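One structure, pasted below without further comment.
The first chain written gets the first letter, and so on, giving A, B, C, D, E, F, G and H; residue counts start at 1 in each chain.
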Amino acid sequence: RSTKLARTMSTHSSIKDAFSTYADYLNALNEKRERVVKASRDVTMNSKKVIFQVHRISKNNREEVLEKAEKDLAAVRDLHIFRLVKELQGTDFWKLRRAYSPGVQEYVEAATFFKFCQTGNLLNLDEINASLLPLSDPSLEPLQINLLDYLLGLADLTGELMRLAIGRISDGEVEFAERICRFVRDIYRELTLVVPLLDDSSDMETKMVTMLQSVVKIENACFSVRVRGSEYIPLLGTGDPSSFLLGVSEVEL
Amino acid sequence: RSTKLARTMSTHSSIKDAFSTYADYLNALNEKRERVVKASRDVTMNSKKVIFQVHRISKNNREEVLEKAEKDLAAVRDLHIFRLVKELQGTDFWKLRRAYSPGVQEYVEAATFFKFCQTGNLLNLDEINASLLPLSDPSLEPLQINLLDYLLGLADLTGELMRLAIGRISDGEVEFAERICRFVRDIYRELTLVVPLLDDSSDMETKMVTMLQSVVKIENACFSVRVRGSEYIPLLGTGDPSSFLLGVSEVEL
Amino acid sequence: PSLEKQFEKFRVQLEDSGSLRERIRAVVLEIESATRLMQASLLLVHQSKPIPEVLEKAKTQINVLKDLFNKLAEVVRECPGQYYRYHGDWRTETQMVVSLLAFMHWLETGTLLMHTEAEEKLGLNDSDFGLDVEDYLVGICFMSNEMPRYVVNQVTAGDYDCPRKVLKFLTDLHAAFRMLNLRNDFLRKKFDTMKYDLRRVEEVYYDVKIRGLATSGDSVEDQGTQGQP
Amino acid sequence: PSLEKQFEKFRVQLEDSGSLRERIRAVVLEIESATRLMQASLLLVHQSKPIPEVLEKAKTQINVLKDLFNKLAEVVRECPGQYYRYHGDWRTETQMVVSLLAFMHWLETGTLLMHTEAEEKLGLNDSDFGLDVEDYLVGICFMSNEMPRYVVNQVTAGDYDCPRKVLKFLTDLHAAFRMLNLRNDFLRKKFDTMKYDLRRVEEVYYDVKIRGLATSGDSVEDQGTQGQP
Amino acid sequence: PSLEKQFEKFRVQLEDSGSLRERIRAVVLEIESATRLMQASLLLVHQSKPIPEVLEKAKTQINVLKDLFNKLAEVVRECPGQYYRYHGDWRTETQMVVSLLAFMHWLETGTLLMHTEAEEKLGLNDSDFGLDVEDYLVGICFMSNEMPRYVVNQVTAGDYDCPRKVLKFLTDLHAAFRMLNLRNDFLRKKFDTMKYDLRRVEEVYYDVKIRGLATSGDSVEDQGTQGQP
Amino acid sequence: PSLEKQFEKFRVQLEDSGSLRERIRAVVLEIESATRLMQASLLLVHQSKPIPEVLEKAKTQINVLKDLFNKLAEVVRECPGQYYRYHGDWRTETQMVVSLLAFMHWLETGTLLMHTEAEEKLGLNDSDFGLDVEDYLVGICFMSNEMPRYVVNQVTAGDYDCPRKVLKFLTDLHAAFRMLNLRNDFLRKKFDTMKYDLRRVEEVYYDVKIRGLATSGDSVEDQGTQGQP
Amino acid sequence: PSLEKQFEKFRVQLEDSGSLRERIRAVVLEIESATRLMQASLLLVHQSKPIPEVLEKAKTQINVLKDLFNKLAEVVRECPGQYYRYHGDWRTETQMVVSLLAFMHWLETGTLLMHTEAEEKLGLNDSDFGLDVEDYLVGICFMSNEMPRYVVNQVTAGDYDCPRKVLKFLTDLHAAFRMLNLRNDFLRKKFDTMKYDLRRVEEVYYDVKIRGLATSGDSVEDQGTQGQP
Amino acid sequence: PSLEKQFEKFRVQLEDSGSLRERIRAVVLEIESATRLMQASLLLVHQSKPIPEVLEKAKTQINVLKDLFNKLAEVVRECPGQYYRYHGDWRTETQMVVSLLAFMHWLETGTLLMHTEAEEKLGLNDSDFGLDVEDYLVGICFMSNEMPRYVVNQVTAGDYDCPRKVLKFLTDLHAAFRMLNLRNDFLRKKFDTMKYDLRRVEEVYYDVKIRGLATSGDSVEDQGTQGQP
């Protein structure tokens, strides 16, 4: 009878052993998730700062503004994205995606926003991922931003570009605004074809609506400049209206 | 003309000075808010652990389970609530309430849950606040949990008590379940009178609905025990049915 | 041009992962269908069919499922590290499979099917494609949800010793689950329902007990469940 | 009993803070009403009423408002440290007050009303009850929103120098706002609208300019706005 | 001038109806508060407090409510023919009052509080300001919603005859409601919930009956209830 | 001109289909009303009224319904091929009718009302306007939802053999439904509720059985039902 | 018996008010239809059709509407004191009618349609069934919302004096509205939109003015409008 | 046995209609994908690409779509009389297709794509499987929604005659729609948005006109448009 009892107890305790393994697993997972969430919040906050820094651009301070933005962006990478790199390994990239996705999206928004102002081109996903490689030491699996987060960040980028365009027009940089307009239209058009292919396109679809609104806002602003410029020609009979516009705010304010 | 220009420029730069003050203020505020949010998340996570620890109670391990819970609760206070104490000063308590409120509510839930299991009574707001006093050194304004967060935490407490009651009944602790039932009814009844007076009662009103469901669940469980017990009497003719029930799971499993 | 090229590449990638998902879904549909068959066989225990017979029929699906999970693993292996990207597509079905396997295991041995045992049965001991612990735990909760019904029907059919065994099993299981620290998520909700199962089984045990129907046998140690008189 | 006693105490506390809120609301209603009067007077600038006259009438409400804010501060002072508990009850109204004061200040001086100046005008230089910086900033944005309308109506009425002055003012203001790091909140939304104000004023300036209506006067330095030819 | 005169007249009218509404709201707030006190007292029936005692305390609020409804009627009487203009402002509260009164009445007499009785209790037998029929009916549905909980707790407290009485009462009430041809509106929705109350009480009665706990007096037709002196 | 002509044609079409829909709605309202009467009669089975009596009264509505469905068919026949365009307008009501007919049929014969039988009763054996299979199946699920209540009330009234019969009926019905490979739609959801009905009836059967109340006649295979003594 | 009698009485009452509501709805549908026709005629002003011609056609609906409102009043008169019980059923439509009448009136006379004038046009000078003041005011706001479109299209068609006249009208109207102390309700929201109309008309006036297109006649005080040459 | 046979029949039926639906969905997905390609090509008109070039690329998808709709028709033809049973599965996509075709048609001819023309383009002139009128109308509304953006961008690109043409087109279209007596449904909602498109185009036309940019050719009646060869 006592051996039988022992057998029962051992089964009982083997359940206990198993569940204590499960408990450890769940605790470790939750704690890692918390650390990832925190790092992600820091990435978000500091990426937003970079975006505001880039918005400080104007005709006269371009170099210095972008230089500071670049430095700040590097700091986000080195200080906060690095924490994500340390935490995320193997299957974590997808398992914990919801925990870090907001931060990564905001980082994509900041990095592409900066890059567009610097070069006029879109910072590619490959480029952005390449810039993260130096963060990993060889023992770590490198953090690679996934396509979905990149595209979601890009969708938000258009909102910032809209703000930039409106501001640039007031500052006389009409051509810059027109360049933004073309760029945003291209992104919108390309995303149109890509959105239905996403893993879960519902988020993106609401972003597409906002994006179209941004496009229309920029187009309306450009329309307004053009119409005003056209009126100027018959009145003063000079050439390119935008060259005049470019001067408006400089000359005598 | 140059003095006039200077005057203009000084105005211009005085705007700049002022706004750089505002910028500093906003940056500091945001950073503090972030730190508070993070501390609050830690309070939440660790308070939840205390709650799970208390749920491990059963007839045979009461002392040791509660002892560990008490230690864990103290750790939440010393490690994480302490961080809130350090951050929050003066008007911060209300200005940043949304940033720390979830954590504090969960802490209230954990502390009152523990206390009920230990003493069968409600841990008062004054008592809970008194326990936070040692965290502050004299130079700091002490963190005092506000009435609203306390009541919101209390509302959640009833959910945990419901779970506890259902579990305790299976374990034969019918009297304990009945005590919980009375306690939860009292809280519900008192809150009925208090809810409309809250600053913003919408949150609380949804919690009241859940709470009533919890009350009904406990009552149904007690009903079920009673009805079964009543059937027992005519059959076996013994006395108090619950005394028998209390034994069921012990005797021969 | 660079913009277009990049998006062209994205389109290809997304279409690839879309078609991967299609293939996953096809396998999952097969898994669901096999699970249904297994469940249909198992449901007969509620109608007092002899357990060995019920199990025999149900077990024929285990190998089918093993093959299907193997097929699923092969598909997912094509995109290393992305197990959790598609995880949602087979979660529910896997939890159901675990719950049925665990129920069968208990009917046969009176013990809990362990995580590793479940993985083994489904051929998931691979490092790339394992059985997620939370899915396993949810599956166990689902199994627990079936217990009250089983006990009620067994007693109706005259097996008065069943409540005691189940009560013991669920009590241990519940104690084990209490070791976990859960978030306010799906698993916690499912775990909450286990308390009601436990209570219901305890009630049935009580019903049997006060009527003197429970077998005198204090023989707590017997392990086998089905078949024994 | 202890439970009841505690809740009894809570009830008293909450009723107290409820009645405090009632008193706050009463004062806020008065503030709103005084603001309305001030706004009604100010609106006449759009109908080309002479600015000094308009301002004189509007200013009579400043002291009323100062008294009311003082009254509000006294009420709030009863519950030290809880300024931000009730803050939501006077936010919107205060932002509107700031916007009107700033507009008047600009009409008079051509400069921006600073935060400290706004506090002074409303007698809020007290440490217990100040003017929240975000409310001040939102108020300034609201002021900016009025500018395009003002400029349009001034030009219609024949004041062709107005666009230049406003453009300069808004350009500086916009540059200053760009120094701030905002969250995605109400203030950021309001700040976004400022860009459109700036653009609209720039358009009007352009309209005036290409028609040769803008005064030749490069006299950027003149500070006074109203009245001067 | 005519334009201004017209709007001056409107201003007076709008302010009058605005202040009327304010006064209505003030009374309604008092009604709500008295109702809550009554409700809190009544909640004690679930804790097996002796019914007469519970009722005594709850009844003290009836007169308070009567006075308040009288006050409300006086206010509304100022604008004849506009009862339904402001009706929405006291609907919900009145329904709650009816539900509590009907519950108390049932506890005392075992019968349904009639519409005219409810009006009488609240002093609303006036032709100008009566108790809207739909509000009465919604209140009765709310009362029904309390029944299952009451029955469960009474049985727990050892009153095994309660389910039979409540079941009889609810069955009759439900049948009476079925005579009404309700539109797809709020009342209909509330009535639909009554079916669940009925079902739950049937279940409780079943639980008691099957265990032989129901008093032998199966004579469902006897009318007596808890509280007769 | 061509544009106008086109839209004139559209106008006529839209008005035609609008008025058709109005006529459909009118008939559906009548169907709903007749169904209500039938349901009110049937509800008396829960109060232990003799079944033949209950059925007799309820049956008087069948012919009314038959006429109404005939009327509906005539209306819909006016627009051939568009049955499913307007189908949504009478779905819910038809499902309810099926559920009541099936319940009556079961009370009388102890067997399931077949699809063709239901069509016959409603005069829908026409090829243009039949009874949609999914509507029939949903109706059967609704009938199943009434069973637990019926069983509980029958046992309360002393009919201890009822649970066994209902359990047999529901078990077979549930097994038959399981053969269908349902999509994740409304029907699937309704079918899922049938599991709870089955479980509840098992519980009641258990209650009766463990207390020795079930009639000895364990011969589950006997087909007789309530109507027969 | 008393219970049944009471509910029988309720049934009659509910059916009466139900059928009354049906009749109200029927009339309201007719009102809506007549309003649509009137609106369709009026829309032609945006296409620079001669105003007298446009008005003539639109006016033919006024009498139709008068008859319909009379019909409505008769229905409502059947239940004295319950005007506001059913008010919601014709509000929206009435506001639309007022807005169109006021627009027509302005086109004809350049003045605001007064409340009493509106009542007269619709035959609502009765004491039982008048035109609710708030509905009148909302209607006026709706009219204001049409103004910017009208002004833009007039200027496009070459009528450069229109903006000045409309601006004067809207400025006065807006000032009159400002006298009202509106609550935070629907009317307040509608009034808030009037500000945007005013602003837009100011912009158009500015466009015309700065291009020297506005007629020299700056004499804002002249009252004449479009109809007059 | 009869029960089983019946359900076996149902199983077959449900599986048939399930697989039919699967096939429909597969085709619809292809339609959606082709539509997107067409839409992406068309988006280039906003970037001032020459219209013929843009159209050429977009048109390549028309034949693809025609084939797909033909495929769809074939599938649906398998179950005669059930067009509207599955209609919801391709509605949205068809509306989008109509909107793009109509936009292309307008770009090419300056006229509205007629219902029969749309059917022709998609090969839907069959009597079994046509283009539902409401889907056509919704598609036209969607096309209208694209117009304001198009006009704005054309003007920016220097085409000052575009607003006049679009305005004429939209005015006529809007008038035609007004003839329809729409119910309060989806189509009505979409139509209501057309008013805003019209207003916006009027504004753009105004902007061009007031600056003297519109071509002298004020003869609104000329029909020519952009793309004629």
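Everything that follows uses one rule, which is that contacts are C-beta pairs under 8 Å (C-beta built on N, C-alpha and C of every residue); 3 or more make two chains touch, one makes a residue touch a chain.
Note that the coordinates shown come from a computational prediction; the quantities given were computed from them, not determined experimentally.
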Intersection of the contact lists for chain A and chain E: B
Contact-graph distance - origin chain D, target chain G: 1
Pair with more cross-chain C-beta pairs in contact, given A-H and A-C: A-C
Shared interface numbering between chain H and chain F [over half = same, under half = different]: same
Equivalent interface to D-G, taken from G-H, E-G or F-H so that over half of the residue contact pairs match: G-H
Gap in Å, rounded to a whole number, between the CA centres of chain F and chain C: 35
Distance between chain centroids, defined by C-alpha means - chain C, chain H (Å): 50
Where chain F touches two or more other chains, by residue: none
Per-residue multi-chain contacts in chain B, two or more chains: 30, 193, 231
Each pair of chains that touches, named by its two labels: A-B, A-C, A-D, A-H, B-C, B-D, B-E, C-F, D-G, E-F, E-G, F-H, G-H
Complex interface listing, chain A residues touching chain H: 182, 185, 188-189, 192-193, 196, 216, 219-220, 222-223, 226-227, 230-231, 234
Touching residues on chain E, where the partner in the complex is chain F: 171, 175, 178, 181, 199, 202-203, 205-206, 209-211
Chain G - residues contacting chain H, complex: 33, 36, 40, 43, 46-47, 149, 152-153, 155-156, 204, 207-208, 211, 213
Chain G-touching residues of chain E, taken from the complex the two chains share: 2-4, 6-8, 10-11, 13-15, 18, 80-85, 87, 112, 114-115, 133-134, 137, 172-173, 176-177, 179-183
For the chain B and chain A complex, residues of the former touching the latter: 30-31, 34, 37-38, 41-42, 45
